[in-house]
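Next come two complexes, and both contain subunit A; in the first it sits with subunit B, in the second with subunit C.
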Partner chain A sequence: MTASALPIRRERLQGAGLDAALPYLLLAPAVLIVLAVLIYPLYDGLRASTAFYRYGKPLRDVGFDNYIKLWSDPEFLNSLWVTVSFVTLSVAIETVLGLLLALFCAREFRGIRLLRTVLIIPMVITPVVVAIVFRLIYASDAGMLTAFSEALGGQPVQILGNPLTAFSGLVALDVWEWTPLLFLIILAGLQSLPVEPFEAARVDGAGAWRTFIDHTLPMLRPVLAVAIVLRTIDAFGTFDQVFVLTGGGPGQSTLLLSIFGYNTAFKFQQTGYAAALFVTMGVIVLALALAAVRLLKRVEAA
Partner chain B sequence: MIARIARAIVTVIVLVVVLLPIYWMVSSSLKPNREITQDGTLYPHAPSFDNYTHLFSEKQFGHFFLNSVGVTAISVALALAAGSLGAYAIARFRLRFGLERWIGLALLTLRIVPPVVILIPIYLLMLRLSLLDTWLGLIITYTAINITFCVWMMESFFREIPLDLEEAAMVDGDSRLTAFRRIVLPLAAPGLAATAIFAVIVTFNEFLFALVLTATPRAMTMPRGTATLIGRIDTDWASMSAAGVVGALPIVIFALLVQRHLVRGLTMGAVK
Partner chain C sequence: MTDNNPFQRSLSRRTLLQGSAGLAVAAALGGTVPAKAADAKKVIIGAFADGGLTPFKDKIIPLAKSQGFDITFLEDEYGVTLEKWFADAQNKAGQYDLYLLDDPWVPQFGAADVLEDLGAAGIDGSNSDWIGPLIDMGYWPPRQGPRVKGFETATPTLVTVPFVGDLQTLTYRNDVFTDGAPATWDDVITKGKAGVAAGKIKYPVVFRGVTGNPIVTSWYPVFLSFGGEFFDDKWNVTFNNEKGKAAAEFFVGTMKQNAPPGVVEFDSDQEGAAILGGDAGAIIQYSGNAIKSDDPAQTKVPGKLDFGVVPKQEKAIAQLGIFIAGVPKSAPNKQNSIDFLKWYTSPDTQAKLAEAGSIPVTRSGFAVKDPGNRLIPVALKQLDAGALPRPRMPDWAKVEELLGNELNKALQAGSGGGDALDAAAKSVTAYLTQAGYYA
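Our next item is the complex of A and B:
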């Protein structure tokens, strides 16, 4: 045991051991938190989905019964249908509007900065507040639509009392809130396109429409695809806006999967059944994302 | 000429569609209930801030605001710290078993799965830990959710920084960590800002977990408090619109102040 041996050892530790351990040490906090707070609950949710709960306590293991029950439950099938139509319709409208708006703004003009600033607002407003904004538009006694209709000598407008108009009203909310995101992404994509093909097309005398179909759209396809996938995944999880705007009604016309699952778990205390529903929902979204990635790769390869 | 007129028209239409609904909420918040439901005026005829003072004196919106600011600040700071370190490791090191790729993949998967999927187990977890209705319960949850995002964003920012700079610093005698602090972090500052801003907005606005994890003004955040108020006062439109304005104003002001960074954060993942 000599004192002089110590510094050498420490140096070697720093040289080899500590340096080799460094990346693991850097990753440790993030990985540990994610393991404890996200991965473990995910596993816990899987376990809960095979149990029968009463009063918040798992009573017995029921295997895949919850999952089997799910696919013959008309309420679940209806929710799935409502969710899929809500997502498809909203994302389609947002993409078309976002694309049109981005094409329109591709060339700099006065007012474009104001436009971009204002378009940030719907995306960053608290979703709960977005729902309040739209309740204040739709309310038949106090709403903006009714006020304007009456100012023009018309009748009060009913939106949230009727299944079809309530569903459309929800889609309108989503379009208002998220078209700006599609717009910003597509605009960024447009501005990153090379200029040469467009100059060549102009020299060739191609019209605006032909240029769009032959050059803009094909080059924009990857950006468009990513934007659509991102928005679709996000739209599947929509909860806050529906919770505050309609609560899923009238009837079950706006009962998205997320709301249906929330009610099942926290209103009706069917914890196991709700867990199975959420696991199913997660699998659906993951499968969608995976399919999208495959498709994207093929698009990029072609 | 025609193009200019068309541009002006489209610009005005977009501005009206975006701003008119917001105008209506602000305008309603300055009216008494009777004017909203019976008179249906298009602007407040006798504007007053009564609805607002009521929120803070009777409905504890001061509490909600402080809870939101505290929980958001702490969880974003923690996630940014843990997330940047992790992202640096993934961006710069080759780990055993290709661990860095697996971790990246796991984090991406977690970002794809809708948050509602872990709602029940997170609730059960916080119930077991007696962390329901506390700041800590929210902070833990939000930190974890933000980490997945921070790692993903920061990794791509770190990859943009050329390796030579760090290597030069290390040749000059810096340790890896000193090089990280002196060279890499300052260069990644815009990325850190964009990540932090995005995380702040998402966390401040979060409602789903706040809904099941909090129950009293002790821990309720702004969106949670606002939604609770609405549930109780179904047709108190005046309070509802004032609550909407108060709920959204801080984050809208914040977003407009940091606009430039925000747009980068929002669009970067997609365009690369």
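Our next item is the complex of A and C:
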């Protein structure tokens, strides 16, 4: 192709209106992918949530019946309560522990880098593996706790056979695994704080507690809010650990919404009802996220 | 040497592209043709991991290979197989040629119309060599008993065939129960306690207490032995009648008191460890752990475990829980899997299966001179004494879950079995009502 041919070709393209269409053409693959992997499944899920399924097939449209039925289903209400309790307790403990660890690790001393690395190890282990390890710790017949107890002349320790201890055991697992995430985010926040207010506080003779309350905590609020929101949304979707560790039992004491929905959809093949459940769960998480964003804005404005 | 020598010619981009395209086509063709030839008798079998299939894996798969079948055996954990295979069948994904289903799943697959009609494919369900109660489980809708709505007048079709004839039997310690298998539940407890006092065992019995399928599987033979009936012929719940409640009270009370302390969280691995490890005196179980009883590598008490018919209160009835094979309509090697099933269920192969130590599915299989496991003749005795399948309904998994939750709560408390059945009856009835069983 000669140099003079290029402007001619460009003119032809412009003439055909392709110049105007070019941005859309370039965007089209991305838009199509988003439609295929995000919008269509969402639409399909919403459609499924208004149908009554039998034997894996939609039989008839039931409008909002599935959604209405959810709020009178004791299993759903129990799962919702268990999930909210689990998320609240886990995230609260993780936040406090994460903050304490971050405050401790924000200082520089010998071995601190190694300590920071070690502290984030639980977070990078596959959740299923964590659940298996905790099962080996909790099992009443051959678990580590039972072995310790029996070595000391005690009885087998029954964590997973009692609703309260099974739930607590699950929270402990989650705290062990996800405190490092909070720790990491808060530590990053701490390290990005300006040093001047702290120097001024020191000059003014403020103690560590006063400095923490008056400076560190207020300046960390946006970071804490982000960390809590992220972890809360994530905790709502907890599945693997419960599936492996308790399967939702004993009874239904650890039956999180994710497990209940999974069983409903795949084990009992009530696809429509499960879709309604997951849409409801999605709305709850979305509401939480929106509330958190508003809270963040308010915090930033303050 | 001239420029015409092709090895001397410089490689242009066009030549490179042409060459690459040619190579790709050749590779595709070359890869496809021999693969088709190799697929001639390929069979992809899906199974859930269970000790009951060990003899099949160890002895029958190599035998099948020697017969020209190219077997790929894919195992999954029990809890995920149902949904995985149902999705495979329904979406026509064609990932399997044969599912080795747990028998309560047959109604789900049958009602969804995703399995081949094996009768039409040439497998004769009326052959008298089949063990009656086992081949009955292969039909959808069932040949006997109540039917779900929509299938009242449908002709029963053989959608699955029995694969391993598993059923519950009693495994007991012969140094504790020295007069042979305990005939009644009272014997199990009384003699078991004596065994504990003598320091031979730690607990008279062991069973599964985990909510859902595990606890219901352990409770069911007790329920049957007390004379319980699950549904009437209109799907009305009857499991909470007097006999059922007596069985539940005995299970969550007496049996729990005589079982390991953590039995509420026990599943098959823990109950297996308790009996094979020498801690428990008796257990009702399927063949998966039972066939390990003579293997010193798997048990601490080799030679001390014997098998018998389940104890009775009124009857000595066990639960049938067989592996049953179905061919998905989407199977990529459909004819191969049907050929495989014909070969597998032939008298010769069933004899080999029994010799390998697995419970056969045909009468002739039980007639082998030298069965590979002591359990096999006991299994036949149990079949003759009485063995019942779980109700043939597509919603059994949910029913089992609802009942299992209530039983598990009562087991935690150590009492309230009767109330648990009443609560379960209420929720099961509500569920079946919305599912259209009584419409």
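Here is the rule we go by: the second predicted complex is superposed on the first by the 273 of 302 C-alpha atoms of A that agree within 3 Å, B and C clash if a C-alpha of one lies under 4 Å from a C-alpha of the other, contacts with A are read in each partner's own complex, and residues count from 1 in each chain.
Keep in mind that, in the parts below, a contact is a pair of C-beta atoms (placed from the backbone, for glycine too) under 8 Å apart; a residue touches a chain by one contact, two chains touch by 3 or more.
Everything numeric in this text was worked out from a predicted model, so none of it was measured.
By the touch criterion defined above, A:Val87 reaches neither subunit B nor subunit C.
Legend: residue contacts after superposition of the two complexes on their common chain; A:Gly45 is shown touching subunit B, with no touch to subunit C. Which of subunit B and subunit C touches more residues of subunit A: that partner is B.
Looking at the shared chain after the overlay, A:Phe266 reaches both subunit B and subunit C. In the superposed model, A:Leu160 makes contact with subunit C only, not with subunit B. By the touch criterion defined above, A:Ala276 lies against neither subunit B nor subunit C after alignment on the C-alpha atoms of chain A.
Applying the stated contact rule after C-alpha superposition, one finds that A:Gln252 touches subunit C and leaves subunit B untouched. When the two structures are aligned on the shared chain, A:Val242 is found in touch with neither subunit B nor subunit C.
In the superposition on chain A, no contact is made by A:Ala102 with either subunit B or subunit C.
In the overlay built on the shared chain, the residue A:Leu26 is in contact with subunit B alone; subunit C does not reach it.
Across the two superposed structures, the residue set of subunit A contacted by subunit B and also by subunit C is 139, 141-142, 146, 243, 266. Residues 79, 82-83, 86-87, 90, 108, 111-114, 209-212, 260-266, 270, 273-274, 394-395, 397-398, 401, 405, 408-409, 412, 427, 434-436 of subunit C are the ones that touch subunit A when the two sit in their complex. The part of subunit B that touches subunit A in the complex is made up of residues 4, 7-8, 10-11, 14-15, 17-22, 24-25, 28, 36-37, 40-42, 81-83, 85-86, 88-90, 92-93, 95, 100, 103, 106-107, 109-110, 112-122, 124-125, 140-141, 143-145, 147-148, 151, 176-177, 201, 204-205, 207-208, 211-212, 222-223, 226-227, 230, 235, 237, 240-241, 243-244, 247-248, 251-252, 255-256, 259, 262-263, 266-267, 269-271.
Of all residues in subunit A, those touching subunit B in their complex are 19, 22-24, 26-27, 29-31, 33-34, 36-42, 44-45, 48, 101, 104, 109, 111, 114-129, 132-137, 139, 141-142, 144, 146-148, 150-151, 176, 180-181, 184-185, 188-189, 192, 223, 226-227, 230, 233, 236-237, 239-240, 243-244, 258, 261-262, 265-266, 271, 274-275, 278-279, 281-282, 285-286, 289. Residues 54-57, 69, 74, 139-142, 146, 155-156, 158, 160-163, 243, 247-252, 263, 266-269 of subunit A are the ones touching subunit C in the complex.
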